[in-house]
Amino acid sequence: MLFGIDVADSGSLQIDGQPCVINHPRKAIAKGLAFCSEDRKGEGVIPTLSIRENLILAMQASRGAFRLLLRAEQDQLCDHYINALNIKTPNAATPIGNLSGGNQQKVLLARWLAMQPRLIILDEPTRGIDVGAKAEIEKLVRSLREKGMAVIFISSELEEVVHTCDRVAVLRDRRKVGELTGGEITEQRVMELVAHHE
Amino acid sequence: MKQKKSFAPLGVFALAALITFSGCKQETSSPSSENAEGGSTSAAAGSLTVGFAQVGAESSWRTAETESIKSEAEKRGVNLKFSDAQGKQENQIKAVNGFIAQGVDAIILAPVVETGWEQVLKEAKDAEIPVVLVDRGLNVSDDSLYTTLIASDFVAEGRMAGEWLAKKTDNKASIIELQGTPGAAPAIDRKKGFEEAIKAHEGMKIIASQSGDFRRSGGKEVTEALLKVNGDKVTAIYAHNDDMALGAIQAIEEAGKKPGSDIVVLSIDGVKGAFEAMVKGTLNCTVECSPLLGPLAFDAVEKAVAGETLPKKTIVDDKVYDQSVAADVIDSRKY
Amino acid sequence: MRRFLPLMATFAVLIVLFAAASLMYERFFTARVIANLFSDNAFLGITAIGMTFVILSGGIDLSVGAVLAFTTTFIASLIADHAWHPLAAIPVALLIGTLFGGGMGFLIQRYELPPFLVTLAGMFFARGMAFVVSTESITIEHDFYTTLQDLKIVVGPKAKLKIGALIFLGVLGLAVFLAHWTPFGRNIYAVGGNETSARLMGLPVARTKIMVYALNGFCSALAGVVATLYMPSGNPAVGTGLELDAIAAVVIGGTLLTGGVGYVAGTLGGVLIFGTIQSALIFDGSLNSWWLRIAISVLLLVFILLQRQLSRFTTSPKN
Amino acid sequence: MNDPLSKLKEWFQGGSLMWALLGLLTLLAYDFVFVDGFFRLEVRDGHLYGTVIDILNQGSKTMLLALGMTLVIATGGVDLSVGSLMAISGALAAVLVTQTELSLALVIPLALTATVLLGAFNGMLVSVAGIQPIVATLILMVGGRGIAMLITGGQIVTFEHTGFVFLGNGHFLGIPFTLTLVLLMLIATSLLMRRTACGLFVEAVGDNETASRFSGISTWTVKLSVYGFSGLCAGLAGLIAASNIKAADSSRVGEMMELDAIFAVVVGGTALTGGRFNLLGSIIGALLIQTLTTTMITQGVPPAIAPVPKAIVIVAVCLLQSEKFRTEVAGWFGRRANT
């Protein structure tokens, strides 16, 4: 909703103290937001396109159709993220559909990191991928946090929430039932909030 | 993702669209029934409502026929219900069924094919609505199903074309035949008649016969290809309608030959474009197939409604026109 | 009940359309016109029902009009030129149609070919073969046929459902049963919804896909038989463009071309909307050839948009 | 990445283009053996003359349609209205040329603008109203022909305007001007698609629309543009068709050509489901279908059964493209070799 995919029923949104309406992902991106969907297959990857094309997609979209990124820049970006995120692939021309789920997810993360967003929303980024990749993604999120990027990390796996987050808002049945910060964040506290509220 | 949107305006728009189309009635063509009653001049017509099930508007010939019937209806103060079947028999049958349900006084039908009309004509007969057929006969065992037929004889047209060519070329010709749409009655009959006529002459041969689909572009494309393969052998081109012949003439010119002299070109229908080409000397001959059936059709309708008996068949007189007369008659051509 | 709302939207549109036409044209709101809607659109309806299954399974079939034409010519030729009894000719024709459809299904399934192209080839092939059987249309004259044609149920003053309409309604009933109360029907929805997961669930994907095309081949051939009852002749040129009408009827009926979503009953609504637009324009009778075409397309557009808005409106409070 | 070999490979795109090319070459080989003078080329009146030139000239309409259709299909849609759009542009141009004093430099842009707008209307129906492409474009397929007939009053409008006639019959450097036009369009489109991000966006939208929207692509602009572009191509093809016969035949021109164009595109290696597209492949597909038509005319195949060979070629090319079929055939031969 924040990303302009669904329309809000009520409430308002402020960015830098300015109220604004976001009704299309384009506008959200222009405000420095990024959103990595939980439905990787349906809403994330473009399966027959190459890693390179998937990676530059968001960046290119924000530049418009007629200012194509130079091929050299593209290659440089690809090389950088393939190394930085340890994406396992023969080369950047491989169709993304041929990669494993974890590596696909990394390319999608790279797609958004290339935009250097102010806030990135990660919706279940570790769902359905192998343990190794999962750990790498968690590590990546922590390093992003350290670099000062705001990350909203949505997950239903308690363990990784506890490991990665500074602040946890617990939502149940579309309602916020509690908020924890810093040392308060333990699996048990979260469980309590989920289990019995009021 | 899904948004609430009001559909009420669309509903209103839908109704408005329907009403607008009914509104076209006054502007477009046929007079509404009120002024037919008021301003009727023809004694028998009164406030006749006649349904006309036309094949479509696929050629200028067809459009001329439609115009002829429409303007005659207007002249006689008949309320005409026009339906265009877009070349489909099933649509024509639907139209006739619709006319019957509306209770028209008579139906004019230009059947798209000769077969398959028994069922719907029985309905018309049961409802005691006379049916006048135009431009093509029917292949039905019980000819009481329709009232009368007003048509040209396609086989005879083909024969006349064949005979004219035999005379013109002293019974010696290598002919390319441009057929109409496969399966269409005029294509079948004009081929048959032409073949009958040239069979008698040994020197006349059809060296290639392809379909140009009654289209100008088809006539051009087929002629272009055939001229290249058959080279200088071709001495005559026979097209099942004028449009294809006019396309063929262009192809001949592009091949560096003179249509009308190097290669004899003849066709059927007698549309105005054909006469213009004859005056220019590029077309040699056209066999008229008159689409101006309006007056004859409405004479028959009025008689049938008045209960008079009619001849089962009226064959329209078709004439051969060649270059010698083209200039004299071109101004009198209406279509 | 919510999932039936798009269906209701289709029928709501039909009712609006019919009411508007009835208000505007005398004698439109009669049992006769309604009965004619079924009789006149019987073979379009039957092909559209077959098409519904194909589209539900995620495919498309462009060959239906040509198969229909082939069937009419084939039956007419057997009866007229080879003195077969219709009761022998009809089953043979139905069998050929089924096998032809099954053959296309086989190519599509086995070699993963695009249905659009295979059935396009099927369309060319069947149309060509119809002309091979006969280049001219052939009249069907047979006492048995006349008897069949005279079968009818009187449903009102001057209104009768003829044999074609009866077969159409019969096929409709069977199709609804097939789609919603048999494993085959559930398999079609599953395959059209998501072929991979259908395969993972252990459903017979290959067999279902081939059978869907065979079923549609059968429906096209049956529509051909109904066409010979409607216009007793075999005509190799009949039914050109029928495939597009059938697809349009299916889609207006609320079935998605992507497969897996839709109802056979919706297709009935689509066919009737199509038929009503045509009837209304025939009753009007004042438009010339080109205005008629424009009118058909504008009405089609308006009612498709209306149907879409209605079904959007009724399903929206989901998120 | 940039060496010519891998570039060539990219062009062939997994061999799908190769099979269309193979089909075309087979057909040409057949013509070489069985059709007398098929490849005879001579110079008449300062330009090339021969059957092959005819194929290129007659095929230009299908090639243009196929160009536009490729992009539409790449976004996962289809455009059935191209034949009717051809009729509209031809009719409009013919009427303007004969009945007004407007110069050709104004007439052609006017006619093309009309078809682009109508194409964009298709795009609106598909992207904004969310109607399925087959049905959305079916509306204009039926209605568009009505509009064209309305423009000409149902008549065939003939003209003798030299400039307009040149478009479809003239020659440029000895080759038909139509061919020059097709080449220009092909090059321009390729450049537009590959030297800008347009191609990427089209493929992304066709492959996964939701993901593209989430990445910030304005999917409806993309769709609107490709249908508009298809309208432009159809408009050009319509002008050529009219110019070719010096007449606008609004009720018949372009009939069934939408199917030829779709065939050309799919044979050329673009999947109907959208995604990756191949412009050159579509051109070859269009040439394949035109060669087939011309071959059948010259070989005297009875017109009524002419669709049958067409069907066989479609299935054959499809089967060749099918990986499964090729492995199976390889299996048969392997077994035979073993026994």
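First chain written, first letter: the chains are A, B, C and D, and each begins at residue 1.
Convention: a contact is a pair of C-beta atoms (placed from the backbone, for glycine too) under 8 Å apart; a residue touches a chain by one contact, two chains touch by 3 or more.
These numbers come from a predicted model, not from an experiment.
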Exercise. Tell me which of C-D and A-D has more C-beta pairs in contact.
Key: C-D
Quiz item: With chain centres set to the mean of the C-alpha atoms, which chain is at the far end from chain A?
Solution: B
Exercise. Between chain C and chain D, tell me the centre distance in angstrom, where each centre is the average of that chain's C-alpha atoms.
Key: 30
Quiz item: Cα centroid separation between chain A and chain D, in whole Å?
Solution: 41
Practice problem: Report the inter-chain centroid distance for chain A and chain B in whole angstrom, where each centroid is the mean of the CA atoms. | Solution: 68
Quiz prompt | Averaged-CA centre spacing for the pair chain D and chain B, given as whole angstrom | solution = 32
Quiz item: Which residue numbers or ranges of chain B touch two or more of the other chains?
Solution: 1, 3, 56-57, 63, 66, 182-183
Exercise. Pull out every residue in chain D that's touching 2 or more other chains.
Key: 149, 154, 304, 306
Self-check item: Interface hub residues of chain C, defined as touching at least two other chains
Solution: 131, 135, 236, 288-293, 295, 298, 305, 319
Self-check item: Touch list for chain C against partner chain B, complex
Solution: 16-17, 20-21, 24-27, 30, 32-33, 36, 39-40, 43-44, 131, 135-139, 141, 149, 162, 227, 229-241, 275, 278-293, 295, 298-299, 302-303, 305-306, 309-310, 312-313, 315-319
Exercise. Sort out for me which residues of chain C touch chain D in the complex.
Key: 107, 110-114, 116-118, 120-125, 127-129, 131-132, 135, 236, 244, 247-248, 251-252, 256-257, 288-298, 300-301, 304-305, 308
Practice problem: Can you check the complex and tell me which residues of chain A touch chain D? | Solution: 3, 5, 24-26, 29, 35, 37, 42-49, 53, 56-58, 60-69, 71, 75, 93, 111
Quiz item: For chain B, which residues are in contact with chain D within the complex?
Solution: 56-60, 63, 66, 179, 182-183, 208-211, 213-217, 220-222, 224-226, 228-229, 231, 243, 246-247, 250, 254-256, 273
Quiz item: Of all residues in chain B, which touch chain C in the complex?
Solution: 1-7, 10-11, 13-15, 17-19, 21-22, 24-25, 28-30, 51, 54, 56-57, 63, 66, 70, 80-84, 86-91, 93-95, 97-99, 101-103, 113-120, 139-141, 181-184, 188
